[in-house]
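So, here's a batch of structures to check.
In the two complexes below, chain A is the common chain; its partner is chain B in one and chain C in the other.
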Partner chain A sequence: MQKGLVSVFRLALVCLVVFASFGGIAARLVHLQVFERDELVSEVERARKRVRILHARRGEIRDSNGNLLAVSRPVVQVGVDPHSVRVEDEPMLPHLAELLGLPVEKVVEAFNRKTVTSSDGRRVRQVRWVKLADGVSEETYEDIMLLGIKGVYGNRQYRRTYPGGSLAAHIIGYINRENTAVMGVERYMDFYLRGQDGWREQERDGRGGELAQFRGREILPRDGYHVVLSIDSVVQHYVEAELRRIVDKFDPVGATIIVSDPKTGYILALANHPTFDLNSYNTADIASQRNRAITDIYEPGSTFKIVAASAALDLGLVNPQTTFDCSLEAVSRRGRLQRLPGDTHHYESLTVAEIVAKSSNRGAAHLGILLGENRLYQYARAFGFGQETGFAFGGEVAGILHPVDKWDGLTITRLPMGHAVGVTPMQIHSAMAAIANDGVLMRPQVSRRIIDRDGNIVAEFQPIERRRVVSRETAREMAHLLMGVCAPGGTAPKAAIPGFEVAGKTGTTQKIIDGRYSRSHHVGSFIGFFPASDPRLVISVIIDDARLSGTAYGSTVAAPSFKAIGEKLIQYLGISPVAAPPVGSLAGGPDNFSLNRDRIR
Partner chain B sequence: MSRSRKSREARANAPRGESTVAARFHQLVNPASLILVCAIGLTLLGLTVLFSASQSYQSDPYFYVRKQITWLGVALLVGFLAARVNLEKLRALTWWFVAIALLGLVAVAIPGVGVEVNGSRRWLDIGIGRLQVSEFAKLVMVFGLAHYLSANLSRIRTFWRGFALPLAGVGVFCLLILLEPDFGTAMLTGAVGTTMMLLAGVRLLYLVPSVLAGAGLLSLAIYLDPVRLARITSFLDVEANRSDGAYQLWQAILAFGAGGVEGVGIGNGRQQMAFLPEAHTDFIFAIVGEELGLTFTLAVVIAFLLIFLAGILHLRRAPNLFQFLLVAGSLLLLTLQAIINLGVVTGLLPTKGMSLPFISYGGSNLLLMAMIVGLMINTQTAWSRPVLRDSERGLKEVAI
Partner chain C sequence: MRTDRQTDSGSFGGSVLLLTIALICYAGGIGFAAVWLRHEISVTANNIKVLEQKIADVQRRVDEAAAEVAEARSPENLIRLNQELGLNLVQPDERQVIRITENVERRLAAKRFDRLFTSTPTPPDGGRTRQR
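Let's look at the complex of A and B:
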């Protein structure tokens, strides 16, 4: 081996470059792993760590028999990571499109959306997730997974569905796309239903997938409670079927039917026309979403006569046999001539019982005059008019009942027949229910209890007495008088159910169109209960502007529906007829209504 | 270093021919065996980290490790052959090798023959796997250049035979590799070729301007190519371009930071979980950084440095210029590749595809490295012991 094969200088130069390079690399490593470490670690944490919300499952809404009215079903949101897609999966795309119910082009387009350019057009970002479809059922998702297309996967979420569709729509309400409870039980029981979301600290990989092995602290979600309603789906069904029949027959602007238990105030069914399907609330007309039973007011007409009649009886001013001269067109009152309203028929003298049964306007006016402004107003207030019923749904209006100092000269004769007053269907229904409930006004309620996932009762909503309006005896007396309405000679024999004591009251009012009472637009109603001596059900049927050739009397448009529903419910609920007490037993005893005479000052 | 010095002292003290303990010691502790030890250590580290780094790629966690171990078996065989072959006899076949290598590089470029991956055509399919032709072409270039330069030693300072012709030869290799395209390997090949010419004694007057001109051309090429230019500019400001251009590099740098001094532990690294692309090949060093920390990253750097130093020390016993240049060139192939990879992964150099010798996943490069280590062992036994006087020891030794 000879000395100096190569130049020492040149070899040293090469070595120097190599040493310097390795030295530089070592220095860089120390810099990164020691001096910049803290900063880099915080960057890493930011990229990896994430707090994920664990969504609580919303509670169910059930009817009184446990049938589901609203339920949150787990569904799958299916999407694709366009960067994981393989060419060999392409033949499967039409199958996928078919399963998802999408056009093939849309699926192909999603599979090829690999990058997105920011709004300023400067940055191009990779797209790792393109949503294909929302709300895919668990079964369909399984089928999709069987296709084995790489990059296609789903995220589980909950979707609110309403198995009944439009059934009890105004009661149940709905949750919108943003998960906000918009109306009905959904909204007013939201506190119980929504549950409490949990969270979890987790780490993700570069694609955003969770790394289960690195889970940190977590708080599990608490699922929402179930709400059990007093609504009975079957009753609700009957009511809605009857409502549809009314709509088919009369094509009204609106209609409301309410069925409740007078003793508790629990609503068994409540239906309005027009209504909507809860599952497609987003396409429904906003007017159809209104719960007219509590948001709309109308002039109740004759149904309001129960106020004046009960008041006069309760105060002992009259008894059922007390007669009034109904041929008079005006009476002298406080030194002035007070005009009395007319009736459709001419009557001579009528007893209180006949005034109620035949629904005499003039008779009611007599009762009003007898009572005087203050007592009439106080009883109207006591029956719940001019104030919210406390039915726990938003949008309820108080109606219109002017205080005495705002009355004009006609009010004293018009108010007793249900004019110059605005009421909601729920108010008049509650007032009638108070008569049926021995004179005690109950708060109408739709929620029975709150239960947890295991069926344990969390809270119960007991019946709430609002107040006693009239004495028990007065109420019984009134119930008896109201039976006369459905008897032959009364205004609504069409509401009579053979074998049952049916008590009720018709109402027919002209609608005010362009500031004048219209002759062709009416609101016809019938509100009644049975069996009169031990009432089980109160049913209100209120039909706004039924289209028919003559006057849409409550007796012709509403009373038959009352009967139809009543007959079905007698069967369904097994209501037994109560033997009618001998005629006159209630009407006869004059001492019966002296007890609470001084209660109303 | 201290070990080789000790062995030298041992040899110096022992009378020649009298090869008892000292000779045995020398047989075991020599530059080639140091290189072998480093190579084995790096390979084992590579397999370990590869297992962790490739977890999230395939459903079978052993997929890459199994393939790499298969390649390792082939590599051991190839290395054994390289350690046994007579280099002087092989030298007679130089031009055959060059012809085959060039043919292979051309074949790769033909559609249908070469296998295309990610837009580059670099591979030939040979039954058990894909072979990256340029890996072997690099070594053939070193072999051919060593042969030519040593054969033309007397004309080494002339322009044509001493400078232009060898440069053109290197250029042909570079150009063919560049066309694949494989920018990184082409640059590496060019750098090793010119360094060998520098060592052989080509006039600096020719060499320096041509290197500068090459660098100029390179800059121009990058400037004109928007993709490459974007790479360079994003490299210069990694943090600003972390979401697109420099995403991969940024993720690698995060991995080093996450690892710190001690590392997060084998199997606990998370940058390979779809954050860091190519975590099992070109960017595997970042996973070493995250899982094993500064201790191992520095150990890797030191191991490569030791291989280089042992090789340089080994060179002083080269019997002729051909073998000197062959070993030096091979050593540079290994060392420069390591430097470029480490530089890229740590963000010191702009990103280009270059695997880390012994550690990255990939069969072709492993075979090449096995050949180079085999060559070291081959020359260790083949080269006679140097006759050196004590007075000649010192820094000079290195250059002899």
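Let's look at the complex of A and C:
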């Protein structure tokens, strides 16, 4: 028989030791896993597990040519762990302070702030992070890292920057320090731009570093979409350069210039004075952040005459050659003498074409009386006055257009010349654009499309027709009459661009100061379009309280700017002159306005 | 003297001990395999993390470059460069522009065919009209 290797006693002893060892381990496991489980688990989770937010990158705002107007730029928040600093690094602190642009004392103080006492003075907490500087560029951060100071490190974050500075500031808007979209496209398109943050369950080691192998569930972030605007940076620049020239020359209280495509309603440029730099919005006052094109109302003056003239033509009450006696100071109406407003020049008989070209207040009053209160009011509403244009940015006001039952006896003669009504620059711009667009009122828009990071179109904003205001024939006839304004003998020959048909209307309004019309404070404006036969651009120039000797007529302060911008845009956009067809040969099929016109009749 | 019974029990004990050692080796092997797998998972996870950080870094640099390019291309900056570099670039005005209203392709084709099929050369200006 084979001899056994060990005795039974020894075997039993080994087994006992093994079982005793396992028993001891099992007992300890039971103790840890059952009796102390809750406490230990919570401690572990507190120390190791955390849910990290994965921030989505905000989308860019681009102009119509793809140029960046707003972009998120990576910056670094630099700080120090005071408990990790070494004595031998102290000579480096002046260099660090220089790179961060901070006083050396402040850096030294941050390095020595090792504890912080609670507000009640009872607890002292270890400080593991003291912020030194925000918004440090990658380049500077690399230089800081080269210093090799232990304990100094940075957290990367994205900050919104605006490469154009003040370019299209009122359109683009900005993001504040709290990452909240405050105004403009940034706010209105925030839903598309901001993207969606993700999150990840992860565990940390004793030094706070992530243990990548213990990553749990995660939802990846979805970066924001890019927003493409109809704004053209070059057009915007031309407009802002012209605005600066106006400010240098006339030092106005405010000014607005709008350029748009009448056929689509897309805004190519919109600029206001005063304005501000989007990169330093926190130093700009609230007044300069206001988008005056939609928030400020003013009496439009003679530019509003397009309403009465278009309405009278559209209803067939007059034709361009219909004559009115503009020498009369009053006319009999409903058995009473109705006083007519005065003109700057004395006129005898004027045709409708001359009333528009010479901007006769009295002639406009005649047209208003001919229309009557209801039809004048309805056409003014149809042109979009007294209601928001739908320009989708916060703060737009509806303007003032009182219903007929609130009119006084003078309103019927004052409204046609642009008094007793309050409009925003965008409203009067849209109304003129309706004339340029064959009588169709478009919604002014700035957003063209939303695209993802690969350039795929996510959403597109098509032109939106609000309604037909006047018939195509009337609109073209009106455009023809408005060409007379810029012709010799009209009120704004300074707006004429040689070789091009320019149509437009001047406006000069006395401002109301202390409840009375002032003789020294005016709002001068010129709203026009070209080429009149096939309009490509509508340009509005509105200048509030230009300072110059004499009256700040729209023809003096605004019309030359219209011309200057127009000449630049002709070259930039490659606009060709268009030969005007005779007014009598206007083509055009039946349109849906006949019903509307009958209703107004 | 050892009895047969003692010899049998010793043999059984030896077998149990061998089996135990084999089991321990087997379990140890599994343990080592598990540890090795965990190690590989850690290494791979850390590699992925490093790659993710690299991608984020590249994205950051791309964003940084995009912002710098946008600033460099802003109209204000281009105008400043135009002045600083003395390029004297200006926008053309209408007087410098000649607008050709005819169909240039047709005119050039006609000119070419004239030369091919006739001996009469076309006038140098091709009979084009100009409009300013």
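Rule of thumb we're sticking to: the second predicted complex is superposed on the first by the 537 of 601 C-alpha atoms of A that agree within 3 Å, B and C clash if a C-alpha of one lies under 4 Å from a C-alpha of the other, contacts with A are read in each partner's own complex, and residues count from 1 in each chain.
We adopt the following convention: a residue touches a chain if its C-beta (ideal position, glycine included) is under 8 Å from a C-beta of that chain, and two chains touch if they have at least 3 such contacts.
Keep in mind the model is a prediction, meaning the values are calculated, not measured.
When both complexes are overlaid on chain A, the residue A:32 reaches chain B alone and has no touch with chain C. In the superposition on chain A, contact is made by A:7 with both chain B and chain C.
Applying the stated contact rule after C-alpha superposition, one finds that A:164 touches chain C and leaves chain B untouched. Of the two partner chains placed around the shared chain by superposition, chain C is the only one that A:570 touches, whereas chain B remains out of contact. Within the superposed three-chain model, A:71 lies in touch with chain C and out of touch with chain B [touch as defined at top]. With both structures placed on the common chain, the touch criterion links A:286 to neither chain B nor chain C.
Touch criterion not met for A:87: it reaches neither chain B nor chain C.
In the superposition on chain A, the residues of chain A contacted by chain B and by chain C overlap at 1, 3-8, 11, 14, 211.
Chain A makes touch with chain C in their complex at residues 1-8, 11, 14, 57, 60, 67-68, 71-74, 138, 156, 158, 161, 163-165, 167, 210-213, 215, 233-234, 237, 497-499, 567-568, 570-572, 576-577. Considering their complex, residues 1, 3-8, 10-15, 18-19, 21-22, 24-26, 28-30, 32-34, 36-37, 39-41, 43-44, 47-48, 123-125, 203, 205-207, 209, 211, 214 of chain A touch chain B. Those residues of chain C that touch chain A in the complex are listed here as 2, 4, 6-14, 16-17, 38, 41-42, 45-46, 48-49, 59-61, 63-64, 66-67, 69-71, 73-76, 91-94, 97, 99, 131-132.
Touching chain A in their complex are the following residues of chain B: 56, 195, 198-201, 243-244, 251, 253-254, 256-261, 270-271, 273-276, 289, 293-294, 297-298, 301, 304-305, 308, 312, 317-321, 324, 332, 335, 339, 342-343, 346-348, 384, 386-387, 392, 395-396, 398-400.
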